[in-house]
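One chain, subunit A, appears in both complexes that follow, with subunit B as partner in the first and subunit C in the second.
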Partner chain A sequence: MATQHSRSAARIMMAPAVVLLLGWMLVPLTMTLYFSFKRYLPLRGGDLGWTGFDNYVRFVSSSAFWPAVQTTLLIVGGVLVITIALGILLAILLDQPMWGQGIVRILVIAPFFVMPTVSALVWKNMFMDPVNGLFAHLWRFFGAEPISWLSEASLPSIVMIVSWQWLPFATLILLTAIQSLDSEQLEAAEMDGASPLNRFWFIILPHLSRAVTIVLLIQTIFLLSIFAEIFVTTGGAFGTRTLTYLIYQRVLESQNVGLGSAGGVYAIILANIVAIFLMRIVGKNLDA
Partner chain B sequence: MGQIQLNQVTKSFGDVQVIPPLDLTIEDGEFAVFVGPSGCGKSTLLRLIAGLEDFTTGHIEIDGKDATAVPPAKRGLAMVFQSYALYPHMTVRKNIAFPLRMAKMDQAEIDRRVENAASILNLSDYLDRRPGQLSGGQRQRVAIGRAIVREPAAFLFDEPLSNLDAALRVGMRMEISELHKKLATTMIYVTHDQVEAMTMADKIVVLRAGHIEQVGSPLELYRTPRNLFVAGFIGSPKMNFIEGAEAAKHDAHTIGVRPEHISVSAEGGEWKGVVGLSEHLGSDTFFHIHETGLAETITVRADGEVAFRSGDTVYLNPRADVIHRFDANGLRIG
Partner chain C sequence: MARAVTTQRKTLNTILAWAVGLLIFFPILWTILTSFKTEAQAIASPPIFLNFDWTLENYAVVQERSDYMRFLWNSLIIAGGSTVLGIIIAVPAAWSMAFVPSKRTKDILLWMLSTKMLPAVGVLYPIYLICIELGVLDNRAALVVILMLINLPIIVWMLYTYFREIPGEILEAARMDGATLKEELLYILTPMAVPGIASTLLLNFILAWNEAFWTLNLTAVDAAPLTAFIASYSSPEGLFFAKLSAASTMAIAPILILGWFSQKQLVRGLTFGAVK
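Right, the complex of A and B next:
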């Protein structure tokens, strides 16, 4: 797209998509902003007029706000750490030549195809159930008292479920990155006297940094808005209420659309802060 | 400090034997060049010596000690790869220092050696750049720098110049030769470029399908090729092979005459032919002569000023003292 002509042609051809996407984004965004300045209670009188920044003040001064932000960041951070660490390990394992490689790779990717609602329900009922769950049986087999996962260790349980869903994504991206590593570099390092651990640390890990950045960014964006996993497991109880879940409760359970919309605007701001922050840290990896 | 000896070495990938039993000794301080057509096993042989591939059978001795089971890092050899295999995320300084860091050498000694290598290779101005910001020739020198700081018993080069353009190649060829003189370390150099082999080597090893066809100094191979393969492989343009009655006159099945050993004239000579294609290099002209009744084409090297046109009838005179004779099995006679 070097010439003037081809550039303007490209613009015209991209225009419909851009306009559509803009509309798609702008309409809900404007409506959220609009409602966030209104006192709007659908079952208790409907639209009660403008309130200025009242909703914003009430949303943050609520006792549920800061814990929700903390929970959100804990879940996102926990899942990122687990998926990236295990993802790198799995990617290295899957890169080794082995029998049945194709099938193993498909199996590893499989969790990604399971809908979040379904996988959370499967985890809740088949693994984490304190009476009939597999974990409960395992604990009893070793003579231990079964844990009621979702009430006693609710946050770690949710981190575990979500990590299980996102691990394939991380693994897949990291695996393709590992496969693009020039094998002569590893051989050169081997001749230079680097032990397998040193080869991992000095050659493989730096090579993966770009892929890790991408995983980090994409996952953060999606993880900030996880909802189904919480909805079907704890319903926001036991300290698992994230910002998204709090907004949902304000809008649907308290029937306060204005307050929820203000929360939505905060969520947008939080997501952008996190995104800018991440871009800053890892940005230099992307342009190198 | 760098004698390498291969005893009855073989290498198979699955059922395919790439290297049949092979014996080879490379003396300390020697510059040995492996040449051969593509796929003949040059890289494989080098990787076997480096320890990057396992022997199927046989063993290797380095300085008289069996090194067959010794891992690559402990063999004391340094390798320069065709793709250079520099570490892209490290600066030139870190690249060169990497083997020393792995050896847990102290920082002052590392700095001293890196500076020293950089000055030998004219890299001092580039130490803080990354490989991506260097030209091909500079990358090549970094790869060599990474090899020399370790002060290895021998250097292994796998076609190190094949990614460079012609002018740079000539320059690097001389730099490597000079480096060899300066360091006096054993070097094994793989190439398929004749000129590199002839100009750099103390000893050329000609390989075909994993077999050693001949080992010798460049001039030995040029003057007394042991068989038709070596005769055809060494020398450019290729030696002319003539069979039949003309060869029988010399009591041989095949005779070979190099293009530079035939003179061409318009007046008269031993053989007669018609000029086909001529290649003008400026300094030399190569004529392809047809209809001689000896072989399909006879190539002749003449002075750049000699001008014949396509279709001219010319006479050829081979120099009698440099006619190579081969028997029916392709082996040299006399």
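Right, the complex of A and C next:
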């Protein structure tokens, strides 16, 4: 049904979206690349000329770089492990027959809809405050000394906040995947005497592998760029400065644009490595 | 699963699932409860769960002191505007990709998706600079455009997956029956496309409402939406739990309600059709 005429009409209909996204991608990207090769300090002299790869070298060799990489890996890795492990268990639980399934589902999904600044502040103050937070009450109730969570155990605290936000996403996607599992297969295995653990290990888990991969990739891309959770809790202090936060500080706080832009290019490359794997899976699905 | 289970097993599942569900929901519940307490009750030790004097005072104070309505209005304009604008631009594109696919359709879709993967911090300064040069830093229109561009790939993708499910044969049948192009669009395509467009609208409104990188970095006073309003509570320490809770409750309540309607679309929208 696609005639020459409808093809050119299709092209015109697609044009605004394509042109806008092309501009959105190319203009800032070109500028970031351009700045990354310059010594550029807007508040201290402005454009001080070309420096070649100096910014790239300095960004990597600064004392803040490796700790930031480590923090990023710990946060992303920690959140991924927690959300996927708990997500699988939760998805299996929610798939069981029970009363009020719809309501439980809503309760579990709710954190995903809470804006990042709210969840970070609520956790920071009402739960993790060393004097008035609920955790402090709980600790004192058991006779323990309350912990100043966000300074003494800053990384685990942030991993916990972010995991709370992303657990619903993992659960929902894994639940959708579990529900597409043929229940006859499970029944057959049960009749043949497979234990629940074996059924989980040999039927459910392999069935989930694709969904797990997708959750892993999508979350990695989003988690690499978490910002608000750190911005309102620790402001990057107490060893919570991620790569994203380091670049933000270089660019906007210390206004060293050249250096920050070089960091930005690293972040873009890193995100693209993850994105390639995700696109491959999504692309395969388009053909099917 | 339509397997027969014992009542005992079902009861056990129910108790366990409700316990976990309530545990996960608890921070939100606690925030809502605290918003109705006085500041003294909010930090009482041991914590008061339900038997406090319910008050609406915090809500009044938050509105009075910080002009909550202005931030709400900004959030509505930025989230609503960017979503509607995105849909207007994405519908024709998704439509043509779904009904007149070419060899390059798949590449274009994947390329659009790749723009979504671009880390925001990598282009923070260029966007910041462009906003300054154009005089639109702390400007609602600028944020409408930026958030539209951020969510455009997701909007196109969601619409595409919905439109692709509309069978082309129906159109042919209508044409055979003598329907004009106008009738075809009005009576056949539009009704079939409306649910998909509505779901896309809903999910993207939520995503734009909660966006907290550009809204924090590109606004100061005039255009600041609720994300920035809440972040401003991070500086003062001490006795403000009840007010923080009231402000938080007001910021998340509309989206929690909308979110519950969009659970199903969430999966489709955020996995780009890879999990259905």
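Operating definition for what follows: the second predicted complex is superposed on the first by the 256 of 288 C-alpha atoms of A that agree within 3 Å, B and C clash if a C-alpha of one lies under 4 Å from a C-alpha of the other, contacts with A are read in each partner's own complex, and residues count from 1 in each chain.
The criterion applied here is as follows: a residue touches a chain if its C-beta (ideal position, glycine included) is under 8 Å from a C-beta of that chain, and two chains touch if they have at least 3 such contacts.
In this text, all values refer to a predicted model and were calculated from it rather than measured experimentally.
K.L.:
Touch test for A:Leu172: subunit B only (first), subunit C only (second), both, or neither?
P.N.:
A:Leu172 sits against subunit C, while subunit B stays out of touch.
K.L.:
In the superposed model, does subunit B or subunit C contact more residues of subunit A?
P.N.:
Partner touching more subunit A residues in the overlay: C.
K.L.:
By the touch definition at the top of the document, which applies to A:Trp24: first (subunit B), second (subunit C), both, or neither?
P.N.:
In the superposition, A:Trp24 contacts subunit C only.
K.L.:
Check the residue A:Asp54 against both partner chains and state whether it touches subunit B (first), subunit C (second), both, or neither.
P.N.:
In the superposition, A:Asp54 touches no partner, neither subunit B nor subunit C.
K.L.:
On the A-aligned overlay, A:Ser119 touches which partner chain: subunit B = first, subunit C = second, or both, or neither?
P.N.:
second
K.L.:
A:Glu187 contacts which: subunit B (first), subunit C (second), both, neither?
P.N.:
both
K.L.:
A:Ile203 contacts which: subunit B (first), subunit C (second), both, neither?
P.N.:
In the superposition, A:Ile203 contacts subunit B only.
K.L.:
Which subunit A residues come up in both lists, the one for subunit B and the one for subunit C?
P.N.:
In the superposed arrangement, which is not itself an observed complex, subunit A uses residues 187 for both subunit B and subunit C.
K.L.:
In their complex, what parts of subunit B are in touch with subunit A?
P.N.:
Result: residues 50-52, 71-73, 77-79, 81-83, 85-90, 98-99, 102-103, 146, 150 of subunit B touch subunit A.
K.L.:
Could you please specify the touching residues of subunit A with respect to subunit C in the complex?
P.N.:
1-2, 6-7, 9-11, 13-14, 16-18, 20-21, 24-25, 27-29, 31-32, 35, 90, 93-101, 103-127, 132, 134, 137, 140-141, 164, 167-169, 172-173, 176-177, 180, 183, 186-187, 210-211, 214, 218, 221, 224-225, 227-228, 231-233, 244, 247-248, 251-252, 257, 260-261, 264-265, 267-268, 270-272, 274-275, 278-279, 281-283, 285-287
K.L.:
Using the touch rule from the top, collect the residues of subunit C that touch subunit A in their complex.
P.N.:
Listed in rising order, the residues of subunit C that touch subunit A are 1-3, 5, 9-10, 13-14, 16-18, 20-22, 24-25, 27-28, 30-31, 34, 43, 45-47, 89-90, 92-93, 95-97, 99-102, 106, 108-110, 112-115, 117-130, 149, 152-153, 156, 168, 172, 206, 209-210, 212-213, 216-217, 226-228, 230-231, 233-234, 241, 244-245, 248, 251-252, 255-256, 258-260, 263, 266-267, 270-276.
K.L.:
Using the touch definition up top, name the residues of subunit A that touch subunit B in the complex.
P.N.:
182, 184-185, 187-195, 198, 202-203, 206-207, 209, 288
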